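Please find the structures below.
Look for chain A in each of the two complexes below; its partner is chain B in the first and chain C in the second.
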Partner chain A sequence: MTIDSRFLPRPDAGALLHMTLDGAPITARAGDTLAAAILAASGDASRHSTMGTPRTAYCMMGVCFDCLIEVDGQPNTQACMVAARDGMVLARQNGARGLRKLSSTPAQSNADG
Partner chain B sequence: MVDVDLIIIGAGPAGMAAAATSAQGGARVLMLDEQPQAGGQIYRNLGAETPPPAYLGASYAAGKPLLAGLRTAGITGEFNATVWRIDSDAGMPRVLWSRGGTSHAGQAPHVLLAGGAQERPTPFEGWTLPGVMPAGAAQILMKTAQLLPRDAVLAGSGPLLYLIAAQLIDAGAPPQALVETQTPAMMTRAMRHLPRVLLALPELAKGLALIRKITAAGIPRYTSAAGFHASMRTDGRLDFSFTAKGRAHTLCTPILLTHQGVIPSTHISRAAGIAHAWNPAQQAIAPVTDRWGGSDVEGLHIAGDGAGIGGAEAARAAGELAALDILRRLGRIDKNTRDRQAKAPRRALTRAMAIRPFLDAAYAPPPEILAPDGETIVCRCEEITAAEIRQSLEGGATGPRGVKTATRAGMGPCQGRMCDLTLRGILENCGAAPALPRARTPIKPVALGELAALAPHRKTKA
Partner chain C sequence: MVLRSSEITIIGGGIVGLSTALGLLQAGLRVTVLNGADGDFRASQGNFGLIWLQGKGADFAPYAAWTREAVARWPEFARALQELSGVDLALQQSGGFEFFTDPDEFTAFAQSLAQQQAHLGPRFSHEMIDGDTLRRLHPEIGPEVVGASFCPLDGHVNPLRLLTALQRAFVTLGGEIRTGAQVVEIAQAQGGGFDLRLKDGTHLGAPRAVLCAGLGSSTLAAQLGFATRVSPQRGELLITEKLGPRLGFLSSTIRQVDEGGLQIGGTKANVGPDDRETLSEINALARHAVTVLPALADVRVVRAWGALRVMTPDGYPVYARSPQHPGAYLVTCHSGVTLASLHASLLADWIEDSAAAPDLEAFDDHRFALSAAA
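On to the complex of A and B.
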């Protein structure tokens, strides 16, 4: 189900950046990290752990790795450390990430799911 | 190739002050920070083009002179740069960092670690649920994205809770309640530090003003709170249960903001091989330094909260002191000049630290947070519970390494940042020897491809 954002709606700030999260449109304001944009949009989990438990971004400073997300095909990206950009394709990670063929994308980190 | 005299890791108050002082003294400085701009967490996003919201207040705006100091000639800043290793090459400190998917190596005769602090992990049943977040993390969202938590409950202990509550009141988004774990016994223990606090009366007055604002806004405060437990309803809201002064309460909220103070970020200093010790007053691991921030590893200094929690003013002073010592070691000033110029920051440091023993005692983390029990998750990454860790101790594990081998606690991507201290608390609680946990390179995950690409670069250097 869809859970309302746990944050108050922000005053209109003009131009928005447009991205998708699991195929659904999601907007961000210039300067937002991906984690901020996702938290502003929804109170749902942004990841399910290797054991299937729901998580959202936690520390917001690159320490805890709870905000891991797939960005433009790159898994295990820290959403709190990446600025939102127009056209980004985001996907929630559910469970552990597997190894992928080297031919599909450049080398990538494979920290954990 | 060595083209700088000093590499500073971390652009918070300590790093910024050190950069300005050392550059004014003629040193060439490279400053690295993981965030997109200088400021650290306390002054995060203060350098943005748009002025900060008024509700963040004077203590936030107070960082502007430090940011302005970075315009001193001789300072190069590199941001979005994640340091993952410090070692030495041909007797000189070397720093390796990742930026935009490429790793770089830099060398300088001096490196200042100014990586600051992180919030103390606050484990209780339900702390991994969506909607539970450290209060400082919510404040980062206020600073960087003007996101205000909706009808929040602030739970835990420490001056930051009061500051955030006051900022939320001023922002028109008052919290629903404050649930505070400090007890009258803690305050009694804190009272013996009162004579020193007299040096810090302005700080104390500011804190009392925050509490008055919270009271005047009619926000309920539950004190002597314990037994935290959170569960999520189907609509996503959290039921937060606790006892306060012996009575059971449950509050329903979309967002539960927890806080139990901050602790030094020591992965970088531990992985660099610097000696560390347990600080019982602050219940944290901290590097051992001399009064200039110098460490037992040649060329490495540490300043700011990463060397022990003191707050922004103390960090600024410590950054200046470290920079003066580095300037002396570089031969740019003599010992007498260093000592003379150190007088003002030394006084500022003493003043800033005066309130610390009082705060450490009055807002001490409660035992149930330090050494949880039962189904509370300790290691968030690997989802290892307190009961599993206690079982591993009964099964023969004798220290952090044994627990790690038996349970995987601390082996996830955060590398123990969220569970090192809790594991230590449980070890101590079970009568086991709480040895210092190891931190190893790379201290942040780095792609194998980045390491491979770095290899020929190193070869050409040699």
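On to the complex of A and C.
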């Protein structure tokens, strides 16, 4: 199911910015936060919590951490606290973040778990 | 005012006090726990949650043996406590590492563990692992780690849930916890027992009293004629954001809590009654963690805090009966989590002086009286 956004574009919209969310193109206006852009694109969940429940942006002011998303490879980024920029690569998170693979590291730590 | 028919009163509602209280309750006594105020220094609410054997008592065989017994009793203690309380303690005893970046410290610790091995014989085992061997087992370990010790008996638990579980189990079995009950003075009552004066001015009677008040113990210990004076040692700790992959190991300074975050700790500072965290120590902890596990470099720290360890002058526990005031006991130690399994079992036998009582002479308070007189 896809939930349509309930948000309308601002009348004084700035320049159009192009980003991707899980590979799909989304747009934002200059001055938008990533959370605003994500909500404008869709009301769907933008992540699943470590308990597996769906979440998306809620407080829009850096308090609730429900808008966490991966931004240009950096997981657990608060989407409501980051301004959109052209070319950003966003990814929804499912569960807790992983550990970065190091080039000198032949195996992931979870291989030992 | 006399407290409702309690036979023994525990002064202190932390992990040590509640473990001791639970053991006495299960031995058939009516027990009251007097818990202090929210603002008190509470090691039970700030600690690292290790159930740790390696290195303990390398220079003092009775402590090595006592800790070994505590570790052995933890699985059954946890099982029973979980059943009583309904709280999952997240106990894991699958072995633990101590990581070293300084070759001299690695060599010195190897000597300590050899001594501990000599004390405990077949009841202990450990390995010293050089850095390259370690990285073949755990390729995620950083190149600056020169070696590690490993003890298969070490483990950890969720310490906040341990505290909650002890509270619930104690109350479920009919124990009484009085909160906001700060004892400021203890004296022998006329006609036997003790008169406890609380901060709010009220008095409570106690036929017998066990002092388990952590850093709040020193003043009351003096009033009961004990020589032990405990002092605070600050440790600082970090919690990272939750991680999906499970860390393949436990160490004395880095552990993954069951919810997924990493807890990083191990600093030591003798700075008096000050539990504030410092940027310099937080920085040192973060550097240590990234040295051991370079993949942590971009992982965020979400909380940091300081907490005060309860240290006796020699670092070993004190289990003492007051010679001047029969019926008064002092129980204090640094490793309240590790030793909880004994405090909830054998310690009750010792307080009751039953046939099963362990010999705790080595931990008596008079060792400090002698050193003070010397």
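Quick note on the criterion: the second predicted complex is superposed on the first by the 94 of 113 C-alpha atoms of A that agree within 3 Å, B and C clash if a C-alpha of one lies under 4 Å from a C-alpha of the other, contacts with A are read in each partner's own complex, and residues count from 1 in each chain.
By our rule, a residue touches a chain if its C-beta (ideal position, glycine included) is under 8 Å from a C-beta of that chain, and two chains touch if they have at least 3 such contacts.
Since we're looking at a predicted model, the values are computed, not measured.
Judged by the touch definition given at the top, the superposed model places A:Thr33 against chain B, while chain C stays out of reach.
Using the contact criterion defined above for the overlaid structures, shared-chain residue A:Asp44 touches chain B, although it does not reach chain C. In the superposition on chain A, A:Ala15 contacts neither chain B nor chain C. In the superposed model, A:Asn76 lies in contact with both chain B and chain C. Legend: residue contacts after superposition of the two complexes on their common chain; A:Gly98 is shown touching chain C, with no touch to chain B.
By the touch criterion defined above, A:Met60 reaches chain B but does not reach chain C.
Ranking chain B and chain C by residues of chain A touched puts B first. Annotation: chain A residues 50, 76, 106-109, 111-112 touch chain B in one complex and chain C in the other.
By the touch criterion given at the top, residues 34, 36, 41, 45, 48, 80, 82, 101, 118-119, 128-134, 137-138, 140-141, 144-150, 173, 232, 234-236, 254-255, 265, 380-381, 383, 412-414, 417-418, 444-450, 452 of chain B touch chain A in their complex. Against chain A, in their complex, chain C makes its touches with residues 137-140, 241-249, 259-260, 293-300.
By the touch rule above, chain A contacts chain B in their complex via residues 1, 3-8, 10-11, 29, 31-33, 36-37, 39-40, 43-46, 49-51, 53-66, 68, 76, 81, 83, 106-109, 111-112. Those residues of chain A whose C-beta lies close enough to touch chain C in the complex are 50, 74, 76, 95-102, 105-113.
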